[in-house]
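Let me begin by handing over the structure; questions about it come next.
By letter and in written order, the chains are A, B and C; residue numbering begins at 1 in each of them.
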Amino acid sequence: MFPSSTKLEPANIKTSDTPSGFGGVGNIAGHVLLIALSVLALFPVYWMIVTSLRPANDIFSSSLIPTSASLENYRTVWSTIPIARMLLNTFTMSVLLTLSQLLTAILCAYAFARWTFFADKFLLGLFALTWLVPFQVTMIPNYVLISSFGWLDTMTAIVVPQFASAFAVMLLFQSLKAFPPELIDAARIDGANDWLILWRVIVPNLRASLASLAILLFISAWNEYFWPLLVTRNLENAVVQIGLQMFLTQEGDLWGPLMAAATFASLPILLLYVVLQKQIIESFMKSGIR
Amino acid sequence: MKKLWLFVIALGLAVVAVVSAQKSFLPPLPKNTKVSITFYNYNLASAGIGAEGTKQLIAEFQEANPNISVEGVPAPSNEILGRLQADVVAGRTPDLAQIVFADYEFAINNLGVKPLEDLISERELQTHYVGLHPRGLALARLNGKTYGLPYVFSTPVLFYNADVFKAAGLDPNRPPRSWAEVKKYALQIKAKANKAGVYVALHGAFDWMYQSLLLSNGGRVLSEDRKRLSFADAPALEAVRMLRDLVSAGAHPNVAPSDAQSAMAAGNLGMYLQTSALQNYLLNASKDKFELRSAKMPSFGTKTVYPVNSGSGVFILAKDPLKQRAAWELMKFLTSKRGYTIITSKIGYVPLRPDIVKDPAYLKPWADANPLIKPNLEQLDRLSPWVPIPGQNYKQITKIMMDALDQSVFGDGDVDDTMKAASVRASSLMPNQ
Amino acid sequence: MNHAVLRVNQPPSTKRRKSFAALATPYLYLLPALLTIAIWVYKPLLQTLELSFFDWNLLPTSPKVFVGWQNFSRIFELPEVHQALWNTLIYILGIIPMAVVLPLVVAILTEHIQGRARNIYRALVFVPMMMAPVVVAIIWRWLLNPVQGIAFEVFKTIQLEPINFLRDERWAIWTIVFITGWKLIGFSTLIFSAAIANVDRSYLEAARLDGATEWQITRRITLPLISPTVFFITMLTVLLGSQWSFAYINVLTQGGPRNATTNIYHLLYEFGFGSFAIGWSSAAAIVLFTGFGVLAFVGLKLMNKYAIYET
């Protein structure tokens, strides 16, 4: 599934010191293209924030800069849904999912990379194939199972079915394959067993890629929607993405609060991105993560 | 011989036991028994007045019935049936559910909704029914049995923007009465006020307003014996052609229902035929911007208008007698005078107990301050029930029908051909007679 | 391919007389992840396989009737399914320009943009990837609102008849394709930039010394060398593109207008959770899984055959 030429580790980005490829014209075209693309990428997000700051009777205004900024919509969101609680739930869920998916992936990738064993290729294939099983297929049976365990409306219901991530397994498997064998040999000579080798040699050396993988898993967990929507009933136990749906109401779409809620839901991850932007991009560049 | 006698006596006793078990209604809840029930509700699934009002209803009920605790389970209206089914499959039978009228026949046949007559004594039922509008009571009645009580529902109302009327040189005190007038007004609004004319919000997953439109032209979606789809019969087709004409004449914009709603809220639409439940939303949006008014649903010439309700009833799904009883108590409260006072004033649906509008202890103060409720109340007397499509495939049938309607009104192609083709396809999904 | 480097250094002697513990070790490491996918992915998949041969709505009160292949033949007769399959194809092919072609062009054109500017661009184009699909759907619905949206204002300013993006049958599916692609552009651009950055400079220098033009270098050296990545992203888009569009369909159009934007995933959802036509949805799911499975298999074979690896 993964092109073996891209390696997670070691990072071998080379910065070219050759002059610009297509000459000055190419460079200008490149800048223009990238600026256009950046605007395209950013404008909707900007518009979300601007709309969220408009008061109700000015909501349909199309001025690019809000003339009268108000926090009214945020107050509405704050008072109608338990947004702080929801953000906390989302955070807890994301942390739990990230940790569990990292842990299971480390163990799994290690086994696949370290040993040849009966049905190893088949089992690896099973992981890859999970990508092709659409959520719509597993939705109802899993809901029924969760419900019969009495887990509805709990964090367990959200986390357990996604305890392992095929994506994380495949990705770590790629980087483990490229792990320098000398380090393992050295450890073995020192008398370390398989378990210790994993935790004392491999994991510390893979810190960078584990960190970037963790960031990715965290983001994707944060953005989870359909499954949490299905298994939570009480807003106190819901994640923040579900709060959005509350403002697409029978009695009309409340665009102002909706945009404020959307901003609430995206802000933490955007802030995280602003802070860790360099690392996230770098890890992507290094890994060729899909 | 003795044994045989004993056997016969035992048998007789057993028969008596069975018969009397059938006849025995739910006893009142024993004192000191705590019961907790679930209440699946779609108003809870959206922020705002719907959820607030529902929470208030539940809170007041629990206060009055300290031994019953109610867990509200939110689910969007178009998904509530899926949620109910999934929970029945998972063995967690819901106790009380708000079910959209389009879905309730399916719920009766598949989710084990029992007629109230089997659970509650005639006397208790009749006591509760006093004051309930008979037209409302008929909404959840199928094959002579009452399966639930109407809960939150509304009728089609023609909202209009009085300022747009004035700008177009129209008299806001004389809203259009017939569809011909609607067209004339809409074109005038478009020409003189440069706003969109009229939007008829009958598109989407539910067919209640479509049913209302057909009835008002002497047509039906489903034949009276509930065996045949009749939405491609002549009167029905005529009604759809009228809508198509509105669109092609430029009197009716071709936009999605949700966008029409925003347009009305933003003051860019002259007239808007929509559920009265939208009243509060539109009132809030119009504040300080324009004057919102409402009128009755327009008629086809001089024909009688038959408003059909939207909305939902409450139905008992519980199996356990204690929970059934608790669910019934909640049901009674929701449809009580106090219940309907909250439902109407807080959420904006029609009060099924019209008397409370004149009762100062209940809705009178509010009704005096909110004259927009009037057309809604007047329409109650001619209310026709939203008829559910029968069979397991009712959702697909409805979808085929509504898609064809959408195509006929907004798309190209011949209206009659489109509707007839849809009728043939949909009929093949009807249950065998 | 440097497959399984870790294994090479195992002492060969342990291979012959492995104890049970040694045999079980790898499976113990796999256990948590394997259990998870067994219970939450493959068990439901097998259940789906079974249910695809029955007419049943899962309710304990209704009978479970074995109908053989009838669900399969039935779904292929349904016009909705034809439309959904056709649309699935449009989604797949439609997303490719935005998820593969455009990012590739951008990555090549910007190869030599250096320093701060490059980092800023990269950071910006990546932002959509951070956003939750539901949030993205809601924002675009707001932007494209045909009565008040900013898109409408733009049309008004340039005096064109506004396009009803989500409502017009001719535009709706392309609108959703665009939104799905919008979220992926930055992501693919980064991946391609990374792949290009990883191309060994000595090849390029050698070609340059030989007097090759930049275009020739791009076409003859860079592109072939990054072909595994291009192939990979293309495959990912083909296999998952229409699945990614589900969130947007669900929030923006529910498959409408008149099934114009439905795809097979949305249909599965509708059959399954909307009308509990479990037999139909199961049959459709099995067809889908098999179809994409075959596609993935063929894709992998092609990739191994034609992609050029830099080793």
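Methods note: contacts are C-beta pairs under 8 Å (C-beta built on N, C-alpha and C of every residue); 3 or more make two chains touch, one makes a residue touch a chain.
This one's a predicted model, so the numbers in the text were calculated from it and none came from an experiment.
The chains other than chain A, kept in their positions, stay connected through touching as one piece. Simply put, of A-B and A-C, more C-beta pairs touch at A-C. Centroids of chain A and chain B (each the mean of its C-alpha atoms) stand 41 Å apart. Centres computed as Cα averages put chain A at a distance of 15 Å from chain C. For chain B, residues touching at least two other chains, in rising order: 86, 89, 91, 262, 266.
Residue numbers of chain A whose C-beta contacts span two or more other chains: 60, 140, 144, 245, 248, 255.
Shared interface positions of chain C, defined as residues touching 2 or more other chains, are 58, 148, 273. Residue ranges on chain C touching chain B, taken from their complex, read 57-62, 79, 145-148, 164, 166-167, 169, 254, 256-259, 273-277. On chain A, the positions that touch chain B within their shared complex are 56-57, 60, 77, 80-81, 140, 143-144, 147-148, 152, 233, 235, 243, 245-255, 257. Of all residues in chain B, those touching chain A in their complex are 42-43, 45-52, 71, 73-74, 76-77, 86-87, 89-92, 258, 261-262, 265-266, 277-278, 280-282, 284-285, 287-289, 348.
Every residue of chain C that touches chain A in the complex is listed here, in rising order: 1-9, 23, 25-27, 29-30, 32-34, 36-37, 39-45, 47-48, 58, 105-106, 108-114, 117, 119-136, 138-140, 142-143, 148, 150, 153, 182, 185-186, 189-191, 193-195, 197-198, 201, 204-205, 208, 214-215, 218, 228-229, 231-233, 236, 239-240, 243, 246-247, 265, 268-269, 272-273, 278, 281-282, 285, 288-289, 292-293, 296, 300, 303, 307, 309-311. Every residue of chain B that touches chain C in the complex is listed here, in rising order: 78-79, 82, 85-86, 88-89, 91, 110-112, 196, 205, 253-256, 259-260, 262-263, 266, 268, 392-393, 395-396, 403, 406-407, 410-411, 425.
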